[in-house]
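In the two complexes that follow, subunit A is the common piece, with subunit B as its partner first and subunit C second.
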Partner chain A sequence: MSVASYVKNIKDTVTSVFEGMTITFSHLVRRPMTIQYPDKIPVPIQETLPRRYRGILEVDMDICTGCLACERDCPITCITIGIEMDKETKQRNFTHFDIDICKCMYCGLCAEACPTGSIRHSQEFEGASYNPAGLVRHFVTQPAPLYKPKKGGETDPKLAEKVDTGLKYLDEFATPDGGAAAEEG
Partner chain B sequence: MNETAPVQSQGFYAEEMTISVGPQHPSTHGVLRFVVKTDGEVINEAIPDVGYLHRSIEKIGEKVTWHGYVPYTDRADYLAAMFANQVFCMAAEKLAGTEVTRRGEFCRVIACELNRIASHLISVGTFGQDIGAMTPFVHALRERETINNLMEEICGARLTYNYIRIGGVGYDILPETCTRITEFLDHFEPIVDEFNRLLSNNKIFIERLAGVAVISKEDAFSYNLVGPNLRGCGIKWDIRRDIPYSVYPELEFEVPVGTGQVGTLGDSYDRYWVRIRELQESCKILRQCLKMFPKGPAIAKVPRKFKPPVGECYARVEAPRGDMGFYVVSDGSEYPYRVRIRTGSFTAMSIIDKLSKGIMVADLIALIGSLDVDAPEIDR
Partner chain C sequence: MQAYIDQLIRDGYFAGMPKEVVYAVAMVLAAFIVLSVFVAPLAGVTSWLERRVWARMQSRVGPNRVGPQGILQWLADGIKNLLKEDLIPSAADAKLFSLAPYVVFVGFLCAFVVIPFGSQLIVADLNIGILYILAVTSLVVVGILMAGWSSNNKWSLLGGMRSAAQIVSYEIPAGLSILTIVFLAGTMSMQGIIKAQGWAPWDWFLFNNPFTFAAFFLYFTAALAEGNRTPFDIPEAESELVAGYVTEYSGMRFLFFFFAEWGNLYVIGAVATTLFLGGWQVPPVTSDPILLGVLQFVVFFLKAYLWVFIAMWVRATLPRVRVDQLMALCWKYMVPLSFLCLLGTICWMLVFPKGNQIFSVAMFVLGLLIVAYFFKRVVFQIRHARPELYFKPHI
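Here is the complex of A and B:
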């Protein structure tokens, strides 16, 4: 190696180090990309998440028809639903509706299968618990009747709001054509 | 001392030393182990020991429904989950003869190219970190974070997307998301140049990689290298161009190949440089897609109980780590009869043993990084 190339190598190395340092220093005066969690944020982090965010599952039992579509479509069977016929009133009741959050992989297939939009992903993701049993969400505490949509299309005024929320969820999140239809109309 | 130890000509005892690199070594991404036999600093043999991340994804495929298997394909390569999604769906569609809607195809390409940028950013970032450049890693991950946010908007998840479904995509890409993708591209293209100034043009970085672990064209063919590793050897082979799928034939893009600009053709720097160039090509593809984005439904009508006819088929896509293929066999039931996954990292892993002979221990890390070996993809 000649002296000239030796000196050139040193020069190139020093200039490239300084070139990198200029970029690094230019970032010193910029706003940081990171935020401190969980303190020091103006709004709860859940509210800043996009609408489609797939968080922990929640079920609105008032509008669940008990069709078991979510249980069938779940690839890891983390949803277990029990339905029992009440012999006296001839009414079908939920005995349990459990979702194992430990198993759930947040794929969203159950929410898409639901006809009323009662099972859906919330924006909630902080689910730490001291024991695995605490991560099984029980949505039925005592036997409760199934939701039956009336044939005429009229809904119970008490439930109307909940049905609307569910259907809106289906339109916006789980129906793939929702966006395209909204764009055209 | 041991009398039978090999005595070298200089007159001192020199035994071959066996070191275990990994499975928890920070430079082996994921859990990856090498049994390295060294003579001082020089490696005689580096035997890859795979299997630490085996999750039997292929076997699970026989136990879940066709629709239900899509979230599992995410886990085959979690840095580029979208591609495994797509190739499995392509295989299933081929079997059943399902036509994907045009908007669905564009959604797929947009999501995949975003994912390719994210995956290559991880690759080049950690490559820099492996050989001692700490800052570029943080810069690369910062950009990837924006892509993760975009993905969250598109499909609701940051890493395991489950976005592409049989017949199309799960959710349509909304107009406001398209605007944000354009904003990101406007912001990102200058960042690539900044990244080049920071890392690619750095004299120390170039000296460290030029001429290290050279792969010849013949070796690349005989070891079946794919993706950027193959293109780094100067071979122009890209599934998107040579076996076109989806809407790639309509898009204009270049296939970057290694030129040996700083050292020998096929060295570590060439493989790195191909990835940087692919970042720019992906940006180009994304811009074209957003311009050509057609209207219409994002998914075709596919029955919930998906039962493809008896048969078998193989589909392949160009994933960030090369040619990724799914071979599926159907016996006409609700469940796949057999699923076989072919990934690029596995073959890249097999060439490490050959390349590592005679290089320094520190260069082994540069070699692994330049091949962009991804542990979950090797084991499945």
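Here is the complex of A and C:
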């Protein structure tokens, strides 16, 4: 190593450290780039997410037919559905409809299989809980009847709206081609 | 301190008690007060401030939830670590493993004995003060080697060995830089070194001659390396060694290592202030002893803490050096340069036995120019920021 390169090494070290220090100092007096989640943002993150975002699963029990397609399609069996026949009224009721968020891998196969689009991904992603049991979502609190699709369309306006929402979700977002057609159209 | 105790004994406060017992109690009490009132909050607040400064330099926010601006974060961390399980691996050498954090801690805490916070505020003004600091801070090596060896873990051992090699190597440039000041001041006592300087910046040893100016930066770099700080933190290089010698530690013992690291930052700053930056010297503005004492303490604290801040800043700026680069930097560059500083200072003292006031003022102006150029570059960096790279939450 020659004397010239030795001196040059020292000079390079000093000047590059000096320059680096100016850059970091300029960041110190600048505004941080990160934003304060969750309490210093103008709108909740959930509202800014794209509609096809695969968040935590939600089920609209009013239009669930109890076909068990989602339970069969789930590759990790995180959905458990219980259906019971009422002896007196001869009506089939849900006893439970649980989705274990701990196990769910957000593959979206259940939403694709659903004939009415009642099970779907929401925009919700904050699943923090103090124990794993708190992460099991219970959609049936007391025995509720199954939904029966009527021939010639739904007549109850409230239910008709929900059916429309479900079918729209099914057409646009839960299809394997990614709803590209719907987005283009 | 001893004079004060002697005064109390003469005044008859401890009637009938043996002198030695009073001394022993006073020593323990002084250590306790220094530790609990000054060192523990200082190390804690430094840990919080370092995380905040780091975060802001990386354009993040940093811990800001516990207390106003997160200033109580260190208390939360301390309590958390106290409550955690103190785990000793079954294959570890249990005795050495439990002892090591305390050796490291003692090594750093002993340095506070001779740190002069004011003209009266010093635990003991030893006549070998600076030598004592070099000696006790070397005790840290023993603790780190003990931790590395007793953990019975390859990462811990590698970290401990690297740390020992690094600290022993960097003690040479640090010692030589300190020696230039010892020559100039003609004493090794901390108070003596401060008294040899004045309150004005051109009376500081930093601006005494170009060689002490260089020696200051050599000392600071070597001290950072001795304190295992980034860019010299290869003993705990996360990417290679998990956490180095602290890999197997948990709970309070783990905390002790970091307590020592953050407290050690202040020791580095205090020693640099004492040796080069005029220590507690203040302009003659007041003759009230209490007010003067407070003023001296504030001045000393601010000067020392500036260098703590700069250590944080260096850590946020520079990447970690490789082991061979670390050793090359020490043996090929810093040792010869610190020898050069030592010889230069000796020649300077031969040429100007009483110092050269005009040259010192010129050096001070040069220092100001460097700072001014620095801020010019900072403004340049701010102007050339790339706002289009800012994080956009709404895609």
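By our rule, the second predicted complex is superposed on the first by the 139 of 185 C-alpha atoms of A that agree within 3 Å, B and C clash if a C-alpha of one lies under 4 Å from a C-alpha of the other, contacts with A are read in each partner's own complex, and residues count from 1 in each chain.
The working rule: a contact is a pair of C-beta atoms (placed from the backbone, for glycine too) under 8 Å apart; a residue touches a chain by one contact, two chains touch by 3 or more.
Remember, predicted model here, so these are calculated numbers, not experimental data.
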Touching partner for A:Asn9 - first (subunit B), second (subunit C), both, neither: both
Partner chain(s) touched by A:Val136 [first = subunit B, second = subunit C, both, neither]: neither
Most subunit A residues touched (candidates subunit B, subunit C): B
Partner chain(s) touched by A:Pro50 [first = subunit B, second = subunit C, both, neither]: both
First, second, both or neither for A:Gly108, with subunit B first and subunit C second: first
Partner chain in contact with A:Ile41 - subunit B first, subunit C second, else both or neither: second
First (subunit B), second (subunit C), both or neither touched by A:Leu146: neither
Partner chain in contact with A:Leu159 - subunit B first, subunit C second, else both or neither: neither
Contacts of A:Asp73 with subunit B and subunit C, given as first, second, both or neither: first
Partner chain(s) touched by A:Pro32 [first = subunit B, second = subunit C, both, neither]: second
Shared subunit A surface residues [contacts with subunit B and with subunit C]: 9, 13, 17, 19-20, 23-24, 33, 50
In the complex with subunit C, residue positions of subunit A that touch it: 9-10, 13, 17-30, 32-36, 41, 45, 48, 50
Residues of subunit A that touch subunit B when the two form their complex: 9, 12-13, 15-17, 19-20, 23-24, 33, 49-50, 52-54, 73-75, 105-109, 112-113, 121, 173, 176-180, 182-184
Residues on subunit C engaged by subunit A in the complex (per definition of touch): 53, 55-61, 313-314, 316-318, 333, 337, 374, 377-382, 385, 390-391, 393-395
Partner subunit A, residues of subunit B touching it in the complex: 64-65, 67-72, 103, 135, 142, 145, 149, 152-157, 160, 162, 165, 168-175, 194, 197-199, 201-204, 295-299, 304
